[in-house]
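So, here's a batch of structures to check.
Two complexes are shown next, each including chain A; its partner changes from chain B in the first to chain C in the second.
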Partner chain A sequence: MKKFWAWGALIFGLLYFILPLVGMTNFSLKMRRGVYSLDAYAVVLGDPRFQETFTYSILMALSTIVFGVLLVVPTAYWVRLKLPGLRPYIEFITLLPLVIPAIVIVFGYIRLYNTSSWLPLTGTTTGTNILLMFGYSTLALPYMYRSVDTGLRSIDIATLTEAAQSLGAGWTTILAKIILPNVLVAVLSGAFLTFAIVIGEFTMAALLNRPAFGPYMQLLGANRAYEPAALAVMSFALTWGCLGLIQLVSRFQKGAQSPA
Partner chain B sequence: MSSDSSAARPPAREPFRLPLHWLGAAPFAIFVLLFLIMPTMRIVIGAFQTPEGSFTLENIRGLFTTSILSAYWISIKISVASAVLGCLIGFSVAAAAVLGGLPKWIRGPLLTFSGVASNFAGVPLAFAFLATLGPVGLLTVFLKTQIGIDLRALGFNILSFWGLTVTYLFFQIPLMILIITPALDGLKREWREAAQILGATNAQYWRMVAFPILLPSFLGTLALLFANAFGAVATAIALTGSSLNIVPILLFAQIRGDVLGNPHLGYALAFGMIVITGIANTIYIWLRARSERWLK
Partner chain C sequence: MSFLNLTSIQKSFGPVQVVKDFNMVIEKGEFVSFLGPSGCGKTTVLRMIAGFETPSGGTITINGKSQANLRPNQRNIGMVFQAYALFPNMNVAENVAFGLRVAGRPKAEVDQRVKEMLGLIKLDHLADRYPYQMSGGQQQRVALARALAPKPQVLLLDEPLSALDAKIRVSLREEIRMIQQQLGITTVFVTHDQEEALSISDRIVVMNAGKADQIGAPAEIYNRPATRFVASFVGTLNLIEAKVVDPASNRISIGDQGVTLREPLGNAKAGDTISLALRPEAGSIAPDAKGDTALTGEVISSNFLGSVIRTRMKVGTAVISFDMFNSPGLVPPAVGETATLRFTATDLLIIRD
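Coming up: the complex of A and B.
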C-alpha cells in the first residue's frame, strides 16, 4: 500500500515535469504543416538577431564569470584567513540578492547611475554593459560565494599560505598558483551556474535596454508561434548542459580526492 | 578590476600594524555597497520622499488604491497557492523517494533533475507551458480530441491565476524536493526504533516525532517558495504579456514608462516588494536555523 502511494506520487511528479518538455519539443517540430520538421530551429538559428543576442549574452556571461571569480575568490580566501569574524556578515550579504528581487535592484541602478548622477553609467553603451555585468555578478553572488567558500573549507588555507610565503610567494602568486587551482572545481561549478543564470536573464537586460538573449526570446514569444518553442528546447538543453557539467566536475573531484 | 591582492600586500610585514588587513575585504565591500546596498537604499528612501526630496508618507499611502492593492493581492494569492501546492507535491515526491521504499537508484536522477528544473525558470518556461497548456497546446488538444475534456470550457486559461500558478509549480516543486530531501534523510532510524520500543504506533511516530522535526524545514521552505514566486518577473511577462495585473508586471511597466504617473509611487511599489520578500526570507532563515539543529 505504501509502495503504491509512493509510486503514485513519483509518477505524478514525473508527468508534471515531462509533459511540458514533451509539449514544447512537439510544438517546436510542427512548423511545417502535417509533418515533423526542424524548420523552427532553422529559422531561429538563421535569424541574425538570434546570433547577435546570443553572442552578446555569452560574452556577458563570460565576463560576469571572470569578474565574479576575481571578486569572490580573493575575498572568500582573505576572510577565511584573516577576518574569520566577518564570515557570518559576508555570508548574510551574499544571500541578499535572493531576498531583494532583481527588478528592484535594477530599478535602483537606473535611478542611481542615470545620466545626471555622479556616476553616469547608463549614459554610454559601454557603461550600461558594465552596469549590466555588475548586476549579473550581484545575481550570481549567492551561488558563486557559497560554492567557493565550500571549496575553501576543504583545504587548509593557513598552512598552504604559510608554506607559500616561506618560499617567498607574494599574495598574487599565492592566489593564482596555490588557492585558485585548489578550489578550481568549486569555482567551475559556480561558473556554470552563473552561465545558466546569465544566458537567459530577462529583467535586468530588458530594463537596461541591452540586446541580450532573454529579451530577444520574450520578443519572439510575443510575435511568433513555433520559434519560441524551439528556443525553449535549446535553453533547456543549455541549462542541462551547464548543470550536467557541474555534476561531472564534482564527480571528477571526488574521483581525484579519494585515493589521497 | 578587483585589485584586492595589491591592496592587501603590505600588512604582513609592516612593523607597526595598522589594521590594514581589513583592506582585503575592501573591494568586495565597495562592490556590494555600490551595486547592491545603495541601489536598494535608493529605492527605500525614495519611497518616503516627495519629488522635491522632503519626507512624506504620501507614496506609501498611494499604494492603497484599488488597482495597486488588487495587484498585490493577486501576486500574494499566486505566490501562496504555488508555494503551498509546491510544498505539498514536492514533499510527497521527496517522501516517496526517500521513505516510500522505491528503488535506491531513483534518488540520484531525481535530485539532479530537480536541480535543473528549479533553474529552468524565466522566458523559456513560459514557452514550454504555452506549448503544453496554451489554446493549441499538446495537452489541451489531446484532452479535447481524445478524451473530450475542453479545458477552455471548464474555465481554464493559461493567462490566468491558475495558469500562472501551474507554471510556477514547475520550479517550485523541484526546489522543495531539493530542500526537503536532506531533512527527510535527517530522520534517523534510531528515532523510529526508539519510538517503537516505547510502544508508539506508526501514526504516533509521525505525529509526535517526525512531524515536529520536519515542521521548521517545511514552513521555512514554504516561506522561501513564496518569496521565489513573488519576485518572478520574466515568467509572468513572457506568459501573460501585461494582461495579468500582478506587482512585478506593474513595476516593470512603471520602470519602463511611468504608467502610474508618479515616479515615487514606483519606489513605494518596489519597497512593498522588498518588505514582503524580506519578511518571507527572514522567516525562512530563522526556521532553517531551527531545523538544522536536527540535521547534524
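Coming up: the complex of A and C.
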C-alpha cells in the first residue's frame, strides 16, 4: 500500500512536470496548419536577433565562468588552508544571492555605478557589460563556491601545498598546477550551472539594457505564438544538456579517481 | 663547520610551548633520527627546518646560511610525508619531475633525472601510473624520488613508514637508508618506532616533551640511556629500585640480595633508594651462564616468543624480566621454580634524572 502511494506521487509529479513539456513541444511543431513541422524552429534560428542575443549571452556566460573560477578557486582554497575559522562567514556571504532578489542587486549596482558616481561603469557599453558580468558572477556564486569547496574537501590541500612548496613552487604554480586540476570536475559542475543561469537570466540584463538572450525570449513570448514555444523547448534542452554534462564529468571523475 | 645547525630552537602555539630549547648539530651526509612518543614535538622541529613553522626563538642554519628569512619554497629541502602526498592529477614521472620543472630545468635534463630517480627506487616500469593505481609502499618510494630529484641540501622524512604494513616498513626503511648512503644526503628522519630509529640511523635524538633528552649513536642510546625516559622508551628495559648499602664500596641491595656496582654511586648516602636499569638480554639462568653477579628469585611467568623465551622473576619486591635465546634442547623454566639469574655488574646502569 505504501509502495502504491509512493508510485502514485511519483507518477503525479512526472505528469505535472512532463505534460506541459509535451504540450509545449507539440504546440511548437504545429506552426504549419495540419502537419508537424520544424517551421517555428527555422524562424527562430533564422532570426538575426536570436543569433545576436544568443551569442552575446554565451560570451557573457563564458566570461562569467572565467571570472568566477579566478575569484572562487583561490578564495575557497585560501580560506580552507589559512582561515578555516572564516569558512562559515564566507559560506554565508556566498549564499546571500539566493535570498537577495536579482532586482535588488541590480538596482544597487545602478545606484552605485551610474554615470554621476565615482566609478561610472554604466556610462559605456564595455562598462555595462563588465557590470553585468559581475552581477552574473554574484548570482552564480552560491553554486560555484559550494561546488569548489566540496571539491577541495576531497583532497588533502594542506599536505599537497606543503609538498609543492618544498619542491620550490610558489602560490601561482600551486593553484594552477595542483589545486585547479584536482578540483576541475567541481569547477566544471559549477561552470555548467553558471552557464545555465546566465543563458536564461532576464532581470539584470533587461534593467541594464543589454541585448541578452533572456530579454529576447521575453520579447518574443509577448509578440508571437509558435516561436516562443520552440525557443522554450530549445533553452530547456540546453539547460538539461548542461545538467547532463555535470553528471557526465562527475562520473568521469569517479572512474579516474577511485582509490585503489 | 657542521652542516645543519639547530640552536636553542623554541616553538610555542599560543600559551603552549611544544619545543623547548632544542639544540642539534648535524654533519653533512649524516642520517639522524628524531625518536620520541607522539606529541613530543618531532614534527614541529622538522616543520621549522622546512620553513612551514617559524621558530618562536633560536636559529637554524644550513651550510652556514641562516634560514630565518627564507620561505619554504626557497630552502631547497626535500620533504617526505606520512601520507605520501603525491599529486593525484599527475602520474609517477610527472610527480618526480615537478620540482625540476618548477626550477625551470631544460626538458632533456628533466627527463634524464626522472629516469635516474625511477631507477634508484626501482619503479621504472610504473612511470605512467597514477598515485591511486599504486600500493602505499610504491607511492612512498615515488614521494622519496620526487623529494630527491631536485638535489635538495637536506632530506626530511616525517614518519614516512607509519602508514605501511610491517613487512614493507622493514624493507622500505632499509631501502631509504641505502639510497641515503648512496647519495650521501644529509637526512632527518622522524619516527616514534625505536626499532626503526635504531636500525638505520647514524645518530638518534631521543625527544621528550619538546626537548632532546639524549643524542647519540644507536648503540650508545640503547646501552647507555642517559635518563629514565630514554631507558624506558628505547628497548624493553627493567627498571629496578635498589637500596644503597655502602656508598664507599658501591654496595647496594636488590630485594635483600647484595650487589656491587661498577659505576660510582656519586653522592648517594646509605639507605637511599636508587633506580637501576637492566636490559632483558643481559642475563641468563642457564646453568653455564657467566657473570660476576647473581640474583635469585621465583619465576612468575615464562613466555615463548619464538626466537626468545621471556621469563619474569621476582626478586624481593622487584620484578625482573630477561630473555633467553631459544634452542631445541632448552627447557623453559617452570612457574614457581627458583632460579638464579647471572649477569655482569657493568650491565646494571644507574639511572639519574
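Here is the rule we go by: the second predicted complex is superposed on the first by the 259 of 260 C-alpha atoms of A that agree within 3 Å, B and C clash if a C-alpha of one lies under 4 Å from a C-alpha of the other, contacts with A are read in each partner's own complex, and residues count from 1 in each chain.
We take it that contacts are C-beta pairs under 8 Å (C-beta built on N, C-alpha and C of every residue); 3 or more make two chains touch, one makes a residue touch a chain.
Source: prediction; values computed, not measured.
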item: Partner chain in contact with A:I110 - chain B first, chain C second, else both or neither; value: first
item: Partner chain(s) touched by A:G170 [first = chain B, second = chain C, both, neither]; value: both
item: Comparing the two partners chain B and chain C, which touches a greater set of residues in chain A; value: B
item: First (chain B), second (chain C), both or neither touched by A:D156; value: second
item: Which superposed partner A:L96 touches (first chain B, second chain C, both, neither); value: first
item: Which of chain B and chain C A:N182 touches, first, second, both or neither; value: second
item: Common interface residues of chain A - those touching chain B in one complex and chain C in the other; value: 165, 170
item: Residue ranges of chain A in contact with chain C within the complex; value: 155-156, 159-160, 162-170, 173, 177-178, 181-182, 184, 256-260
item: Partner chain A, residues of chain C touching it in the complex; value: 50-52, 71-79, 81, 83, 85-89, 98-99, 102-103, 130, 132-135, 143, 146-147, 150
item: Chain B - residues contacting chain A, complex; value: 1-2, 4-6, 8-9, 12, 21-22, 24-25, 27-28, 31-32, 34-36, 38-43, 46, 89, 92-93, 95-97, 99-102, 106, 112-113, 115-117, 119-120, 122-133, 137-139, 169-170, 173-174, 227, 230-231, 233-234, 237-238, 241, 248, 251-252, 255-256, 266, 270, 273-274, 277-278, 281, 285
item: Contact set on chain A toward chain B in their complex; value: 2-3, 5-10, 12-13, 16-17, 19-24, 26-28, 67, 70-72, 74-75, 78-79, 82-83, 86, 90, 93, 95-112, 134-135, 137-138, 141, 165, 170-172, 175, 193, 196-197, 200-203, 206-207, 214, 217-218, 221-222, 228-229, 231-232, 235-236, 239-240, 243, 247
